Every structure is written in structure tokens, then in C-alpha cells.
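Next up: some structures, all given as C-alpha cells.
What follows is chain A paired twice: with chain B in the first complex and chain C in the second.
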Partner chain A sequence: MKVTIDGQEIEVAPGTTILQAARMIGGESVPPAMCYYSKLEKTGGKCRCCLVEVTKGSDADPRPMPKLVASCVTGCMDGMEVASKSSERVTEARKAVTEFLLINHPLDCPVCDQAGECDLQNLSFEHGKAQSRFIEDKRTFEPENIGDKIQLHMNRCILCQRCVQVAEQLTDYRVHGVLNRGDHAQISTYVAAAIDNDFSGNMIDVCPVGALTDKTFRFKSRVWFNKPFNAHRNCENPECCGKATLWMFGNEIQRVTARKDIYHEVEDFICNTCRFDKKEVTDWVIEGPRKFEKDSVINQNNYTRPMEKVIMNTEKGILEGREQDRKKISMAQIPFNNQKKQ
Partner chain B sequence: MGRKILLDKINVPGIKTYEVYRREGGYSSVEKALKSLSPDEVVEEVKTSGLRGRGGAGFPVGMKWSFIDKKSGNPRHLVCNADESEPGTFKDRYLMEYIPHLLIEGMIVSSYALGANLSYIYIRGEYMWVYKTLERAIAEAKAAGWLGKNILGTGYDLEVHVQIGGGAYICGEETALIESLEGKRGNPRLKPPFPAVKGLWQNPTVVNNVESISAVPWIINNSGADYAAIGKERSTGTKLISASGNIKKPGVYEIELGLSVYEFMNSDEYCGGMETDRPLKALVPGGSSVPILPAHLIYKTANGDDRLMTYESLSDGGFATGSMLGSGGFIVYDDRACIVRNTWNFSRFYHHESCGQCTPCREGTGWLEKVLWRIENGEGREEDIELLWSIQSKIEGNTICPLGDAASWPVAAAIRHFRDEFEYHIRFPEKVKNRNHFVTEPFEKVKHLVVKQEI
Partner chain C sequence: MSSLQTISLSGSKKEVSKKEMTFLEKLYLIAIIKGLWITIKHFFKKKATIQYPDQVRPFSPVYRGRHMLKRDSQGRENCTACGLCALSCPAEAITMKAAERKPGEEHLYREEKYAEIYEINMLRCIFCGLCEEACPKDAIYLTISKELVPAQYHREDFIFGKDKLVMPLEMAIRNTQQNSVN
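Let's look at the complex of A and B:
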């Protein structure tokens, strides 16, 4: 089947979605996806970030689709023509969705562990506005403890429900899900602190924002201060691939994640033992530095660019203070309580 | 006197019970359909009748039935959507409460037409007493041999179950209803696949409104052509209207489609005119999600024709000057009503009922409500009107299910037709802080305050 996306033709197999076809082409016309995850089934269609305009339905039925469609769940038809980046309507819709996602999202990137590898940051960088039109109070949730390894920060959640699908598809039984509805829908466990399945840690990797973060890495470092390395180990768990990215600071492994591709989707899922318990360099066989996209903030601190030693030029004797100031501090010439006299 | 099809026997004492219903000619359509018609003939008959879905969208019922996937060989289901939760609509409750056997009869004939052996009535949880009425009616029908194995010796089996909802408006959306019926969280599904191909338990399913199903027995007893003769153009048959608001006689009325809005509002047979001598201000003709109409567009359309109670006439002029028949929740406002407060109230409802699955609806409905609340309570800013317009246009059409559209249409229409009232709220916050601000001082009296000054 032949599909045209933003004027670029590609041959795809039947059953391919528009988003997958766009990813085969790559580049600018790939729609952003916050909820779709190619490694998990039944994801997608919820965040509405990947809306595209179908300008020609197919060769058989060339009528355009009246509404924008979610490209991650819409299958390609032979001869379909899709406008993604090139369509005004699509850009408008993406801007709208970005605004909607951000109105209730806290502005706590400076203290958020996800900052630097956050899909919502990327989305708002591309489609967001500098100002907010939302003057009301943001919606907040009570903090909740869902387990001793995973930190849930519900205020940041965008309800993509990827983590629900992780629990559904990777673990034996799902103990968390969506409670309530509307803008008070929240990810929660039925029994507090219950998430401890061996593959539950993958929820952290699939989370597009900082709603689920690693408690063993909490506030340890910004991601761009770490040096990511590919590494592997022989994991005892037969379902775990044992291939991971180690986030190092000096000789210390501060964090272990699965390896993520350019769409920030993991290549293969890893088990909780690899993720949380193997923090010694001797546990791993290090393969070499992990490469990231050219403009990723994570490249700030890796070896791909020359690193110069930072020298801070300070005044001599700065701790003692300047000569003229020291005189003032002693205040020998200034009479006591002189302000009252004026 | 308009023709009655659904409410013909409603005043017969004891029509709730099987004996009286049967004595009055009930279940004759089941006999006729099962003994003398093939399922396809029933579908054909409903197609000729031109019966349109009474739940709000107005999609032809016969057409919907013909889409059901019969080739796959999977068991098929009929689901009756009795999750009537639209503010302003209460017709299904009336029908099910007072003449429950009519729905059961319709269910049997419709299930036969679709070849369904297992059918459901999904009723909202708040209608608990109606649920009990229906359960009793089903038990009676079963005892009399209209349900169960080998009905009337024709070899056709049918079980009908009533399922109670958990109290969510969104479960009135057909795919959310199916999810809920399966025991899951009532989130709308992504379409395609449509329920006619993969619905309840991935089997082909048809979801119909109570009123649509209840109209089927009459069509079978008489004929599709007879039904099509009632009404006007493509709006055939009769429709139940739930009239409420500032009128003399609120209640459920059965009208022949094609009746003029003026007659419906003012004749003694129906609403009986305005409640007091306060003038008519606005009308919501089809339940909370349809656009509101200002006084000058109620009796006449924009090009001067009489406004009729039909699908076409009410939507004449598109959203700019028209509205929709929707589910028939006819809400009348006189000049005491505050449109901003009313819009806020509707928005609050959609905010509360959004399922939270897709972004524009989850975040947008809450935002709309907050902005409208501010305006209504005298904290609005001049730019808020543009903001509301922008938010609603960004929700509309970008969501999974029609709830997003339903939330944005009333806001859009209120701004379109009553913009000066929003301006009044923003510019005179002290006046609107009194909750009954239009009761003593109707908007007509203060309208000059927001008229653009020409120097």
C-alpha cells in the first residue's frame, strides 16, 4: 500500500498506522505521541497530540475525513494522503492539546527528575506558548505512596495510561489503575503501597512526564549531569533482556533504565532487580557511551564535545571582603543611631 | 389532537401489568413478526418507516440495523440504551416507568430482526425503581412465554437482562455503555471498529435508545409506510418531548414531528404557554448539549420560515442560527433566567461527567467551567469571552467521543447569541453578584448599558 504523508510517499504493509508510516519516513512530519507506545498494545488515541488531517481517504474512496484523526490508531489505506506538519489545522490542534496538557501541569521542571528527558517539555518547546491563559488554581492531588521503588507525583500526570498497560501486559496482575473521572481522574492503587511486581519499574520508563520516577534516583542528579553508558548483564530473570543504560556520575551508577530509542520508547523491558538493585559497576559489563539525538540536553555532559576545565575568576581574598567595605563594617566614624538625628 | 403511538395506552389503569397490557393488544407485534415475517423483512419494514434514532443523533434505525455484521457468525446482541442522563430529558423514564411492556415488546421484535439471542437493557443507576419495574415486567413476560427458549414455538430464543449503570453520563455513549456493560470502566472506545462489527464482548452489537425500540412494535403492527406517513419529510413518526422550564404545563408529550414550535409551546394540549406573563427569552430544544436559541430564532428560522419540531427545521441555519432536535429535552427560559449562569451550569455538568480519557475534554471542560464561574460571580475579565470561544473551538472535534462537542456547543451558542449578557456580567460585577440579578431587573432593562457608545 502506498501512503503519502506531507508529500512524501512510502510503501507500507496493510495494518500499519499513519504514525508508524510517518516514523518510517522520519523527520519533521512524525506526529508527537504522548500516549501511544509501540511496544505496548492498546495504547494510543487518548492524548490527541498526534492528530493529523487525512486529505484523501484512499484510492477507492478519495473523500477527505471531516475530523482530524489520531494517527496512532488510524490504519493506512491504499492511496491515502495525510497532512501532518504541513496542515494549518493540525498545527492549531497540536497547539491546543499542548495548552490543555499544560494548564494543570505544575511548573516544577526545576525540581522534577524527568526534566531533560521529558516528552511534555519537548512537546511544549515545539508547540507551546510562552504565556499561559489559565489564571485559575491548578488542580492538585494528595501525595500518595504507591511503593518503595516508584514515586508517584500525580500532579504531573497527563493520564496517558501507558503505565496501566505496562501493568496489564508485563506483570502478572495489575494493582493500579485510573480512579475517578474527568480532570480528577488519577492513577492510584487500590491498596496503598502495593506496586511491587518484578516488571513494575518499567512504568517509570514509559511515563512521558515526571509522574512516575525512580525513588532510588530521586533528587540525586539532573539527567544531563549523568553520563549514560550502554551496559548488559546476565539477568537471572528469563524475561528480562539484561540490556540497560547506566546513568553514571563518576564511578557511581546513579540510575539504571532500559535503552530508549529516538521516540523515547524502550528497546526492551528490564526487570526491577536490574533497575533498582544492581548499582555496582561490577554488576555490569559496560559497552560504551550511549548516543543521544544531537540536540538532546543529555549531551550536555558527555564525551562527544570537548570538555574544558571550568575556571572561576574571583577576586583575591574574596572571603575577607574588599578593603573599603571592611572599613564600613567596622563603622568607626559613624555615630551610633545617626538616623534618628536627621 | 396529535396522533399517539407510544403514549396511546399510557392512561389505561394497570397498563404496567402484563394482563392489562396484553388485553389492550400488547405483544401482537411479536406474534406477527415471529410467525409471519423473516428478520430481514422486519429490518426492511423499519427502514421504510424512516424511524430515526431518538437518543439524540437521529441516525436512521433501519440503516443501523442493516450495518450489523451477520457474516462473521458471531452471536449478535441488542443493547437498549436507557442511560438517559441528558439534563432536560426525561422521556425514557416516563416510558419505562408507566408502560414497561412496550419496551420489552420492542426488544423482542428488534432482537428477532437482528438475530440476537441475548439482549440487554442498560439503565442508569439512579432509576432504581424503574429497574425494578422492568425486572417485574421481564419476569411477567417470561412467565407468559414471550421470553426464553422457543418463543411461540418458532424456535427463536431470547433472553433479556437489565443492567444498572453506576451513575455516569458518559455511559450513554454507545461504546462507553458497552465497556460498562462488560464490567469495565465506562470509557468510550476508539472507533473504528464500530459496535456493529465489534461491540459487546467483541460481538456485533446494536445500541438503540428506549424510544426507538418502543416505536418498533407499532411499525410492525401497522406498517413502515404508515409510520412514514406521519411526520414531515425525513422526520417521520412521533417523538416524545420532555418539556420543562418556565411553561405552564411541563411534562412528557408525544408530538407528531412537523408540529410548529409555536403551537407546541402555546397550545393547551402541550406546554400551555409561558408560566407567567414574563416574556420568552431563550429555548434549548433538545437537551443540554444542543445550542441554545434566542427569542427571535425560536418561532421563525433565520430566513423567515416557521420553526417546526423536526430534525431538519430545528437545525435549519446550522449552528449560526439553528440548533438540534437532539433527545427532545425542551427547556424554556423566560427573562428571569441568566444565560451565563445557565451555561455555567451546563458546563459544570460536562466538567463533572467528562470521563478523563482524552486531553481536550478532560482539561478543557474544567477550564470552561472555571472561566464561566468567574464571569457569573463578577470576577470576569474582558478577554474571558474570547478565551471561552477559543477553548470551546479547541475542544470541539478533537475528542474521542461526542461529549467534547456536547460540552462546547452550548458555550459557543451562548456566546454567539447572548454576547451582550456576558459583557454585562463582566462590566457590572456588583450587579451580578446578586444571584437573582435578572429577576427584579431583567436584561432588557439594563441592555443599554452594554450597547456600544457611538460618539
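Let's look at the complex of A and C:
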């Protein structure tokens, strides 16, 4: 099947969604996604960040779709034409969605541990307004303890429900979910049970905002002061791949996360032993520094990137007579004592 | 032809005359008296220097001096150790360590996270004011201390910790009182 996204054509297999096709093309036409997670099933369709405009339905039915569609749950059709970055309606819609997502978000980025690698921060940097029009009180929840490894900040949650899918699909039994409805909807555990499964720590990685953060890393450092390294270890857990990113400060491992790709989705899930308990350098085989995209704040203050040599092209006429002047000013030929006598 | 040899590209070239000095000029008496006259004249002029820590010149409204970590109207520290000042600092003069606010410390710190250690190396600092620009919490200011960094004898003394940087509580109380009057 042939799909055209922002003028770029690509052949895709039947059943591919528009978002997946856009990711195959890559670049700027990839819609942002808050709730869709390619490694998890049944995600997507909740946040409405990935809305795109379908300007031609298919070869069989070339009428455009009247409304913007969520690209993460809409399948491609043969001959479909999609406008993502190029459509003004889409840009407007993304701005509106960002504003909606930020309505109840506390915007406490200076305090939040996710700042610097937060999807919502990136989204609002690109599509958000500088000012808030929301004058009502933000929705707040009582702080809740869901175990000694994972910190829940319900106020920051955007209800993408990725963490619920992690618990469904990776762990043996699920103890948390979305309670209540509408404005009162919240992620919580049933009767304050602690979340302790072998793979529950992956909720931290899939959370697009700072609602679920690592308690062992809480307030230790900002992510951009850490140096990320690729590392692996032979994990006893057969389901754990043992490949992780270590966030180091000097020789200290401050945090362990799974390796995330350019869409901030983990490549492979890791177990809680790797994530929370292995904080010694001797536990890991370090492969080398991990690369991050050019604009990421994690690359700030990073002097290891190659610097271009500056070459100044000076006109010949300007340089004329400069050599004589230099000799006269510095007087390299005339010894200091001779000068005194004169 | 002569143009490049005679003109000065730097604009500071001067022709030096090699005129023979007269007998009076060779004595240098007149020259010495002339020079002394200028020196003596300055005894009776107003002094250009001041004794800095004791006397203070009025600061320009756009001066940048010693940093101060501000407190809010209730005397709580504004800084949340977000690290943006350290990130923006071109001289890498700022280091900090964050800590979590404990229950019962709400009157000391405004947010749930605060800077346990906050240090500025005043020898590295170039007083560019980028930390002030970067601060999202209105915490660091180079303009409210109305002070310059004083001279010290040891390099370690130039690393200013929170004891020297945080706004004194009396100043915060005074500010609050003034604001409530206005």
C-alpha cells in the first residue's frame, strides 16, 4: 500500500497505522505521541496529540476525512494522502491539545525529576503557549505512597494509561489502575497496595510526564548533569534483557533506566533488580557513552562533540604593511639595552 | 608609494623628533619642577579613590554584584535547586545539591525540593547575570545585595556557600513590612 505523508511517499504493509508510517519516514512529519507506545499493545487514542489531517481517504474513495484523525489508531489505506506538519489545522489542533493537557498539569518542572526528558515539556516547548488562560483552580490529589521504589505524583499525570498497560502486559498481576471518572480520574492502587512486581519499574520509563518517577533517584540530580552510558549485565531474570542506560555522576551510578529510542520508547524492558538494586559500577559492563539527539538538554555542557575549526579569510590589502608594523611595535631586532642608550 | 610607509594602520603612529636639547633642558631642573607641580597639585584635589568596604559609592541601577538567594514574603527560600543557573553559567561557577523538604520545614523552604548545598565560586564567576535570567523561581539576584565581592586572602574563601548567599532573614522581614505599607 502506498501512503503519502507531507508529500513523502512510502510503501507500507496493510494494517500499519499512519503514525507508524510517519515514523518509517522520520523527520519533522512524525506526529508527537503522549499515550501511544509501540512496545505496548492497546495504547493510543487517548491524548489526541497525534492528530493529522487526511486530505485524500484512499484511491477507492478519494474524499478527504472531514475531521482530524488520531494517527496512532487510524490504519493506512492505499493511496492515502496525509498532511501532518504541513497542515495549519493540525498545528492549531496540537496547540489546543497541548493547552488542554496543561490545564491540570502543575508546571512544577524546576522540582520535577522528569524535567529534561519529559515528553510533555517537549510538546509544550514546540506547541504550547507562553501564558496560561486557565484561571480556575487546578485539580489536586493527596500525595499517595505506592511503594518504596516508585514515586507517584498524581498532580502531574495526564492519564495516558501507559503504566496500566505495562502492568497488564509485563507483570503477573495488576494492582493499580484508573480509579473514578472524568475530572476525578486518577491512577491509584487498590486499597493503597504497594506495587512490587519484577517489572513494575518500567512504569517509570513509559510515563511521558513526571507522574511516576524513580524514588531511588529522587532529587539526586538533574538529568542533564548526569552522563548517560550504555551498559549491560547478565540478569538472572530470564525475561530481562539486561541492557540499560546508566546515568552517572563521576563514578557514581545515580540512576538506571532502559534504553530509549528517538521517540523516547524503551528498546527492551528491564527488571527491577537491574533498575533499583544494581548501583555499583562493578555490577555492569559499560559499553560506552550513549548518544542523544542534538537538541536534547542532556547534551548541554557537553564539550565532547567535535568543534569546527574557524578559518578567517582576510583580504590581502588589509594585511599589507602589517608585518612591518609588528616589527616596529615589538622591536624584536633591537635589544633592550640599546634602546636605553638612545 | 609613500602612503603605506608613512600612514599608521593602527592610528597611533607618531613621528619622533631627534632635536638636540639646549643646556637648560639638559639640566632637567625645569622639567622636574613642572612634574612636581603636577604632583603637589593633586594633594589639594578631591581624592579619586574611596575606602571600599567602609565607604560605598552609589550603585548604578543596572550594576551586577554579589549574588543573593532571595526569600519570599513569608521568609521562605525561593530556590528549588532546579539547576538551571548552573546549566546556564558559562563559567561553570555554580554547584548545588538538592534535598527533599521534610514535614515541619514548610516555613523554611517554599517548594518540596530545596538546595541543601549551593555554592558559587566567585573567582570563576564573571558576573554576566545569566543565572538571574535563567532562574524560573525568582530566586537568584545579582542586583539586590548592593555589595561587591570582598577581597580575601585565600582562594577557598571565594567559594560562597548558602551562609553567605541567602538573603538575611531580617532583610526579608524588612522587605515584607515595606511592601505591606506601600
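Of note:
The criterion applied here is as follows: the second predicted complex is superposed on the first by the 300 of 342 C-alpha atoms of A that agree within 3 Å, B and C clash if a C-alpha of one lies under 4 Å from a C-alpha of the other, contacts with A are read in each partner's own complex, and residues count from 1 in each chain.
Just so we're on the same page, contacts are C-beta pairs under 8 Å (C-beta built on N, C-alpha and C of every residue); 3 or more make two chains touch, one makes a residue touch a chain.
Small disclaimer: the values here were computed from a predicted structure and weren't measured.
In the superposition on chain A, contact of A:48 is made with chain B only, not with chain C. Within the superposed three-chain model, A:19 lies out of touch with both chain B and chain C [touch as defined at top].
Looking at the shared chain after the overlay, A:5 reaches neither chain B nor chain C.
Once the two complexes are overlaid on the shared chain, A:115 sits against chain C while remaining clear of chain B.
Partner contacting the larger number of chain A residues, of chain B and chain C: B. Of the two partner chains, chain C is the only one touched by A:320; chain B is not. When both complexes are overlaid on chain A, the residue A:93 reaches chain B alone and has no touch with chain C.
Residues 44-49, 51, 67-68, 70, 73, 92-93, 96-97, 99-101, 103-104, 133-134, 136, 139, 158-159, 161, 177-178, 180-185 of chain A touch chain B in their complex.
Contact residues of chain A toward chain C in the complex are 108-111, 115, 218-222, 224-225, 297, 300-301, 320-322, 325. Only residues 168, 170, 185, 190, 351-360, 362-367, 370-371, 374, 387, 390, 394, 397-400 of chain B touch chain A when the two sit together in their complex.
By the touch criterion given at the top, residues 4-5, 8-10, 80-84, 86-87, 92, 98-100, 111-113, 136-137 of chain C touch chain A in their complex.
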